[in-house]
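Each of the next two complexes has chain A plus one other chain: chain B in the first, chain C in the second.
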Partner chain A sequence: MKRHLSLILPLVAIALAPLGLKNYGTYLLTLWCVYVMAGMGLNLTVGYAGQMSIGHAAFLGIGAYTAAILMKLGLAFWFVLPLAALLCFAVGLALGFPALRVQHHYLAFATLGFNVLVYLFIRNEEWLTGGTFGIPGIQRPGLPGLSLEGSRPFFYFTYLSTILLALILWWVIRSPWGRAFAALRDNPIRAESLGVNIMAYTLLAFAIGAAFAGIAGAYFALLVQFIEPAPFHVTASLMMLLMVIVGGSGKFFGPMLGAALVILLPEWLRFMKDWYLVIFGLAVVALMIWLPGGLLSIPEKFRFKRT
Partner chain B sequence: MVDFLQLVISGAATGAIYALAALGFTLLWQASGTINFAQGEFVMIPAFITLLGLSFGMPLWLAFALACLAAAAITGYGFKKVVVDPLIRHGVIPLVIATLGLSIGVKNLVKASYSAEAQPFPNLFPDTLFSIGTLRISVYDIGTLALAGAIVFGLQAFLNKTITGRAMQAVAQNTEAATVLGINVRRMVLYVFLINALLAAVAALLVTPTYLAKFDMGDTIGLKAFYAAIIGGFNQTRGALLGGVLVGVLENLMGAYVSPAYKEGVALMLFLVVILFKPEGLLGKVEERKV
Partner chain C sequence: MNFLEVKNCVKHYGAIRAVDGVSFSVGRGEIVGVIGPNGSGKTTLFNSILGQIRPTSGHMEFCGEDITGMSPLKLSRRGVGRTFQTLQVFGKLSLRDNLIAAAQEFRGTLAGRLLAPPDAGLGRQADEMIELFRLKHVAHLPAGSLSYGQQKLIDIAMAFMPRPRLVLLDEPCAGVNPALVEQLRELLTQLNQSQGGSFVVIEHNMDFVMRLCPRVICMVEGKVLAEGRPDQVQSNPAVLEAYLGN
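Now for the complex of A and B:
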């Protein structure tokens, strides 16, 4: 019961938060939801399958631009959303296949380079993506009898979608598939000897993670209504990776906490300007030294010390 | 044809600088299993220390010597003691994340405390051109190529011919066996960190006149160094040079003949081709997996 309560209370608190917030606050909270969606996907790749991915913002970008371009052509969001997810899934498979032939750091580098390439493509191919001018005027969809144009209704729409996506992730992790992911991370060679096909499962974890980012990207396009290349740069990927690790990689709620630290905290600490990132960067180093499992591993550390 | 040769030479000069950073990166990986995502910042720091020295009226050589000392102390010894030593037992990912954090922290430290603007940096070699027939070559490119090449081959000779160098290689190949043979493993690993810091400092001296000293100048060179290291072969010293020069030359040719917009993508293309067909790199040896 206590466990359920500790889950429901924050959920309700976040749902009530926009009532006391102005437009910008609600916007930030929605942005947080978007990064939680993407972060959950990255967590599957990094935390559960144990692979480094430094190109998650590229998938966010593919999702956002797919949604924006197709919706500009007149297609409905409900049709575009699964398309964005599928496209990212397919691209994830195509990118992961050569990179995962070799272990670990190669996926990190391949995704990093992929991100650079996607960024260049978005910036240079003006006929398709509008280049640095971006794509303005993206319309939010409506539900029957309900407009999502306002910042508050759109927040609830995104919030519910995030919860739905979280439930899907929960199901994936609990399934035999998800357990195979964890087995891979903890001891790949043992997992292989038990008949788990390392390559296939890691590839799948990576591609599903990419699909999550694609969905997040589509919501991102709706949220900002004007997309340009900057949010999909490699730096954004690094920030997303830090979100997952700082929150606690391999912990279900890690990305939620991490995204809050990266999205919401800088807003309150705005007076610090560039110094915020100085402290953030060095705090990450300190965190890794003392708590390599991320912030959510603090309770474990305490329990371990007491016994 | 003349254009082509000129592009190759200037590309090779840029590539030789990538190779210096890549070489340090490779050595670090061999000796301690560290993937350093702050390698670009290790180039940026000496550049700014040199600038600081120059602003006090020091001549370039003295400012650079100061930068080398500072690099050895901060990005060599300090990096090893403060970041790598406590983290190495947790495995690769926490260490990689820590170097990422370090990269963000240091970059913004320079941005917040020094300047966000690009700073001019004095040329080590004169920027004059000389001609061989119709071929026009800049002294700067030749000087860069010669200095970087000399350092890479000098280092190679040091690693292969001297006792200390061979001991360092032994540590890289098999730490346990090296310990049994009475090699001071800790000292050898420290040497590697110092060499990496100094290589990055030299790269800074050569690259900053063209890139300008800016807090985020390390992003590009760090990225190219990774690719150069992997293309050439992650566990080979000569590989870094080959990879660096290859990336530099191809980028130049791509920029001139295909599309300047995709110049940056060349390293990635080459990288994907290499890991698809020869994952150990062009000059690399296959590594056995340990259970």
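Now for the complex of A and C:
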């Protein structure tokens, strides 16, 4: 019962939050949902399956541009959303191949290179992506009898989608797939000797993670209604990795907490003007020193101290 | 027909002849011990058979099928299991999850496992194995947090979870206390009788080898020096000189 309450209470609190927030606050909360979607995918790739990726923002970009371009061509969002997810799934599969040959920092650089490639493509291929001018005027879809143009209805739409996506991830993690991902992370040589198809699970870890980011990208396009290359730069991939690690890599609620911190902390530190980045950086350094397992490892740390 | 047939296995690392023309066979349900000094090529031989490294030359058959250079994944699908010299558990998973992970990939299809129940229908078998290895009190703890001896037992239990037809055990007694060694010998005998699999066991603990293995192979400098009943090998003058001492 206590466990259920600790899950339901935050869910209800977040659902009620926009009632006391202005438009910008609701926008930030919706942005948090978008990054939670992408972060959950990255957590599967990095946290659960033990791979490395500094290219996740590229998938966010592929999802956002797929949605924007196809919707501009007149296709409905409901049709575009699975397409964005499928395209990212396929590209994610392809990006998984280097992971079969290289690991750790080599893999980090391979994914970083991929991110740079995607970024340069969307910045330079103006005929398709609008280049640095971006794609403006992306229309939000409507639900029967309900417009999603307002910030509040759009938040609830995104919020419910995030919960649905979280339930899908929960299913994957609880299934034998989740255990196979953990086996791949903890000891791939042993896993292979026990019949775990390393190739299939490595590719799946990248592909599913990418599909989550693709879905997040489509929602991002709807949220900001104007997309340009900057949010899909390598720095955004680093921020996403930070969200996963700060929250608790390989822990289900890690990206939720991490995304909240990475999005909200700069807002809280706004009064410090130019100093905010210094404080933000120091806070991250301090956190990584004292809590390398992320914020969600605090209870474990206390339990360990008590025993 | 022999269960496992290794013919003239050779593995060279440049000028070093780690395994230098080893041939032996293992019958169905048989337990064979492999002894020899450190660096005599025992683990390299295992790794060559099990696809961890590619042998320079030689031929290996399992149940009449050519398995030379076959990947560990394909070998596992054919019922060949192994344990490693060093601890190889899934540290962050619980002991019970380690055992389920060891056998779940042999059940159904990849897609089917996404829709399967979380324990993949292996919960009961895992609990029985936990009971057999007397590890119930730590079943839900992360495997990486347990003692060396307990992890060694998990490691061995994992190899037997998929009910393999052949298991190659690399120094199962290394770093294990005498009471646990005896427990391990009993367990392996029990598993040999209940599951009917064949074992090849690399081990330095001579008492363990003598009591578990009806046939022993002694390797020295990449070659088979002696083969036979434990008492025959133990009293072989060449084995005494090269490995056991006087």
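Throughout what follows, the second predicted complex is superposed on the first by the 305 of 307 C-alpha atoms of A that agree within 3 Å, B and C clash if a C-alpha of one lies under 4 Å from a C-alpha of the other, contacts with A are read in each partner's own complex, and residues count from 1 in each chain.
In the analysis below, a contact is a pair of C-beta atoms (placed from the backbone, for glycine too) under 8 Å apart; a residue touches a chain by one contact, two chains touch by 3 or more.
This one's a predicted model, so the numbers in the text were calculated from it and none came from an experiment.
Engineer: Clash or fit: what happens to chain B and chain C when chain A is overlaid?
Structural biologist: Once chain A is superposed (C-alpha atoms), there is room for both chain B and chain C without a clash.
Engineer: State whether A:Ala200 touches chain B only (first), chain C only (second), both chains, or neither.
Structural biologist: Second partner only, chain C.
Engineer: Under the stated touch criterion, which partner chain does A:Pro176 make contact with: chain B (first), chain C (second), both, or neither?
Structural biologist: After superposing on A, A:Pro176 lies in contact with chain C but is clear of chain B.
Engineer: Which touches a greater number of chain A residues, chain B or chain C?
Structural biologist: B
Engineer: Looking at the overlay, does A:Ala283 come into contact with chain B only (first), chain C only (second), both, or neither?
Structural biologist: In the superposition, A:Ala283 touches chain B alone.
Engineer: If you stack the two complexes on chain A, which partner ends up touching A:Ala216: first (chain B), second (chain C), both, or neither?
Structural biologist: After superposition on chain A, A:Ala216 lies in contact with neither partner.
Engineer: Just chain B (first), just chain C (second), both, or neither: which does A:Gly250 touch?
Structural biologist: In the superposition, A:Gly250 touches chain C alone.
Engineer: In the overlay, answer first, second, both or neither for which of chain B and chain C A:Ile189 touches.
Structural biologist: both
Engineer: Applying the document's definition of touch, where does A:Val91 land relative to chain B and chain C: first, second, both, or neither?
Structural biologist: neither
Engineer: With the two complexes overlaid on chain A, what is the closest approach of chain B to chain C, counting only CA atoms, in Å?
Structural biologist: Value for chain B versus chain C, nearest C-alpha atoms: 7 Å.
Engineer: Find the residues of chain A that appear in the contact set with chain B and again in the contact set with chain C.
Structural biologist: The answer is residues 189 of chain A.
Engineer: Tell me, which parts of chain A touch chain B in their complex?
Structural biologist: Going by the criterion above, the answer is residues 46, 50, 52, 98-99, 101-106, 108-110, 112-114, 116-117, 120, 123-124, 189, 234, 238, 241-242, 245, 249, 273-275, 277-285, 287-289, 292.
Engineer: Hey, which residues of chain A end up touching chain C in the complex?
Structural biologist: 172, 174-180, 182-183, 185-187, 189-198, 200, 250
Engineer: Please give the residue numbers of chain C that touch chain A in the complex, ascending.
Structural biologist: Touch residues, chain C against chain A: 50, 52, 71-73, 75-77, 81-82, 84, 88-93, 97, 100-107, 110, 113-116, 118, 120, 144, 158-159, 161-162.
Engineer: Please give the residue numbers of chain B that touch chain A in the complex, ascending.
Structural biologist: Residues of chain B touching chain A: 35, 83, 86-87, 90, 92-98, 100-109, 111-112, 116, 219, 223, 226-227, 230, 259, 261-262, 264-265, 267-268, 271-272, 275-276, 279, 289, 291.
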